[in-house]
Amino acid sequence: MALTKAEFGQGVRSALDDPQIRQNFRSAMDGLIRKRLSAFPDPDKLERLRLEAAEIRAKALSRLPDLLQQLEHNCTRNGIQVHWAETVEEANQIVLGIMQRHGATRMIKGKSMVSEEMGLNHFLEQHGIECLESDLGEFIIQLVGEAPSHIIAPAIHKNRFQVAEIFRDKFPDIPYTDDIEQLTRNAREILRRKFHDAPVGLSGVNFAVAETGTLCLVENEGNGRMCTTIPPVHIAVTGIEKVVERLSDVPPLLDILVGSATGQPITTYFNMISSPRRPGEQDGPEEVHLVLLDNGRSRIYQDEELIATLRCIRCGACMNHCPVYTRIGGHAYTSTIPGPIGSILEPQKKGLDQLGVLPTASTLCGACGAVCPVRIPIPQLLNRLRFEGVSKQSGKVPGAGSQRKRSEAAAWALWSWVHSHPALYRLATSMAGRLRGLLPNRIGAWTRVRTAPRLAARSLHQLMAREQKRS
Amino acid sequence: MSEKTREYPETPGRVYFFGTCLIDLFYPEAGLAGIELIRREGVEVVFPQGQTCCGQPAWNSGYRDQARQVARAQLDCFQDPLAVVVPSGSCAGMMRHHYPQLFQGDADQARAIELSGRVFELTEFLVQVLHIQLQDLGPPTRVALHTSCAARREMGVASDHLQLLQQLGNVELVEPERKEECCGFGGTFAIKHPDISAVMVHDKAAAIRDTGAEQLVSGDCGCLMNIHGHLQHQGAGLAAEHIASFLWERTHGAD
Amino acid sequence: MNQARERILKRLRKDQPGRLPDRPPRKNLSPPRSMADNIQRFRERLEAVRAEVHLCRTEDWAGILRQLMQQKTLGNLRYGDQGPLAGAIRMAWEGHDDAPRLISHDNDIGNWKDELFDRTEAAVTSARWGIAETGTLVLWPTPEEPRSLSLVPPVHFAVLDSASLHDSFAGLVEQEQWSSGMPSNALLISGPSKTADIEQTLAYGIHGPIEMIVLLIH
């Protein structure tokens, strides 16, 4: 279902009018901006790290098909079962198939944006399978049926009182508390049983190393390790673009990922999985599955400008620094991934006819591009998608041309005609100057919050022409 | 994408001045001031009457053919190998960083690249090429500087803005909190997403008022129109000027 | 499903972007740190995230472990009784009848999962390496010291020989030639578990251990 400009506007307004959302996001983003700055005190060193990370990702992408085959080969050799899915439907069916083969009706999940992309929880629930989120933020919003509003901190739009209310409502036996440490302990107690009992654990993948067939996971809480260690079956889902070539590529990426995302030197846990339980080992899953999801990535891959979108390592820095995201929050975007990266990735996956409004909801201030650890030129790609949105030619992007409006196209045609004919331009501007008293004081939405700009009596052209006449 | 290091030429005898359409229509005095600041250093300024707009509004809206048509007309105006000085981070950024892409594969690609190599934002030109020395003749005042996103990130001239204002002995220079955050203008963004733009300009205006400045100065007229328009709407008494106007007024005495 | 594989690879190979040249090998721009600096850095990083670090000697770490267990009034300690720490632990426990009970199992987790989750108060494991730059322990779990020991019990003791302390993760991967063979699970652990999912406020002790104590043998 297409997100119309009007619907987007409604979502925007409801966020802007909600003081809780405004405040929660403002203080959260300010904190994340500060933390990132303190993680990288040396600007020159930071630029070198960004360059290196960008090169690692670009290089891996340039060899993607070979690396995917190498990854598959090494994973398989190590006992990890590799599955390929072109669409989210296929991916969901693969996961369902694994669940059904084991007669499993419950799954415990670590944080995975790809599983959000798949709509996995909803799909499995329709087949009588319970999917429980174990990441604290995801757990909280699952209790109230909401989608994540940020890719690193899913419940960033909730303050502690809102969380306390949710816990009181859903767990009436637990005494009310809005103390964050106590809430955290309560979540620990609730979820420990689930880790213990779950027949299947699901995770995402931060980096998939082709050289050794290793799946790498980043986390602070320990729920990811729980999901990938205790249940007898572990299913990992990932987009195909997450492959890196070598093990030696991982430390610099980990470094800049964590610094950019949370400002930490490293996350509490970095979990590197290369096989199921080996003979003699007492614990660890007996089966490990890797689901490789395409869902439009191979199409994005083919455009030599837009391929940069696929470098993303999902740190969230772009949205943390975005003045628009900070004010409208994540839900207003309606896409799996919000913010600047979401505004270029999601319309490419779902089509500009569905999400073509997102690339326009930016001032192109460049804050995102300046902080992206892998130097994705987000403003440039936003501009490109605006072009694709209104272009008549059959573009490389689905839904190209769908944003073109005849009235707007006509306005730009007129504008360019006037501005490419200097004599016409000077005539129009001198007339505007003369008639400026007739300019209305109210000009649409501009003047709701600003005074109307005042045309000068004489343009610079006229003043310079007069000066030249005198000399 | 953005300017980190740039090699600057020696002082030229003669330069082009690209006024920008916003200055042309709404702040022509800023254009004159910019020209005077350059002339005062003994540099001749050429103002081709054929200039109109850099084409950015259409470029940012996705209408690249229309943007190119207008940009091509500018290529025709600035053909001599002279520096093109632009009193706007945004328009300078368009010509310097986006013209090459706009003309990719076009017959005028070489011309566009050549032009882009000699485009300078005004404060950058005054500091890095002309090395101007300013003598403050005005009374003590507190001034808030707003540096546009394009000036900061595309052209890398935030330090040049600061350097010029810091030369003025009677000016107490302040910058608002969250100075790096966008004011919400974004050209057509203010028209297409007015609600988001309104809260952004509201926050920016509040931060500027909180500095206690008597006056707002910026190198970009789009931002100026946006922020000053909001300040006026709110009845705040702050004056607002383009940095060129401010610098000229403070330093040219009664001549 | 194999159709999906073929179609995906085919699309990726069509009009493939040019292969980028090989990157020059990464130069480690920081000078190597001395052992003393590394120990200090390692300690600072861990203590900054509420881990405890105790400097010990080969002959006394196990006794210190026992004492810490008693100070923290922990009733039992899970360990790998066939593992590299076993001998020293048993020796340190000998003659101390009031010492916390030692638990170990030598079979599938199915037999001891309940005990692990519900009745294990602490566990101790060796750490194969450490990383000074980030205050990190590197565990390669083995049959003798299963992965869940450093995950499930609320208190985790880790024993690390300072001779195995490396400057950085990048250096460790290269010098120990990880690419020649990875274990089923390699773990980098940099403190007790934590979260900032509520109001971006740090709270320690969520799903992984609530407390982490490092016994650094020097």
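A, B and C label the chains in the order they appear, each numbered from 1.
By our rule, a contact is a pair of C-beta atoms (placed from the backbone, for glycine too) under 8 Å apart; a residue touches a chain by one contact, two chains touch by 3 or more.
This is a predicted model, so every value here is computed, not measured.
Ranked by distance of CA centroids from chain C, the top chain is B.
In this structure, the chain pairs A-B and A-C differ in their number of contacting C-beta pairs, and the larger number is found at A-C.
Put simply, the chain nearest the middle, going by average C-alpha positions, is A. Mean C-alpha position of chain B lies 55 Å from that of chain C. Centroid to centroid, with C-alpha atoms defining each point, chain A and chain C lie 31 Å apart.
On the chain A side of its complex with chain B, the touching residues are 9, 12-13, 16, 323-324, 327-328, 360-367, 369-370, 377, 379-380, 383, 386-391, 403, 408-409, 412-413, 415-416, 418-422, 425-426, 429, 432-433, 444-456, 458-465. The touching residues of chain B, counted against chain A in their complex, run 1-2, 19, 21, 23-29, 31-32, 35, 47, 49-53, 55, 57-67, 69-70, 72-73, 77, 101, 149-150, 153-154, 180-182, 184-187, 189-202, 225-226, 229-230, 232-233. Chain C contributes residues 1-2, 4-5, 7-9, 11-20, 23, 26, 29, 45, 49, 105-109, 113-114, 117, 133-136, 141-143, 146-148, 151-152, 168-170, 173-174, 178-179, 181-201, 203-209 to its touches with chain A in the complex. Those residues of chain A that touch chain C in the complex are listed here as 24, 27-28, 31-32, 48, 52, 55-56, 58-59, 61-65, 68-69, 83-86, 90, 94, 134-137, 140, 153-156, 158-160, 163, 180-181, 183-185, 187-188, 191-192, 195-196, 211-214, 220-223, 225-226, 229-230, 240, 246-248, 250-252, 254-255, 262, 265-278, 280-284, 292, 294, 298-299, 301-302, 304, 307.
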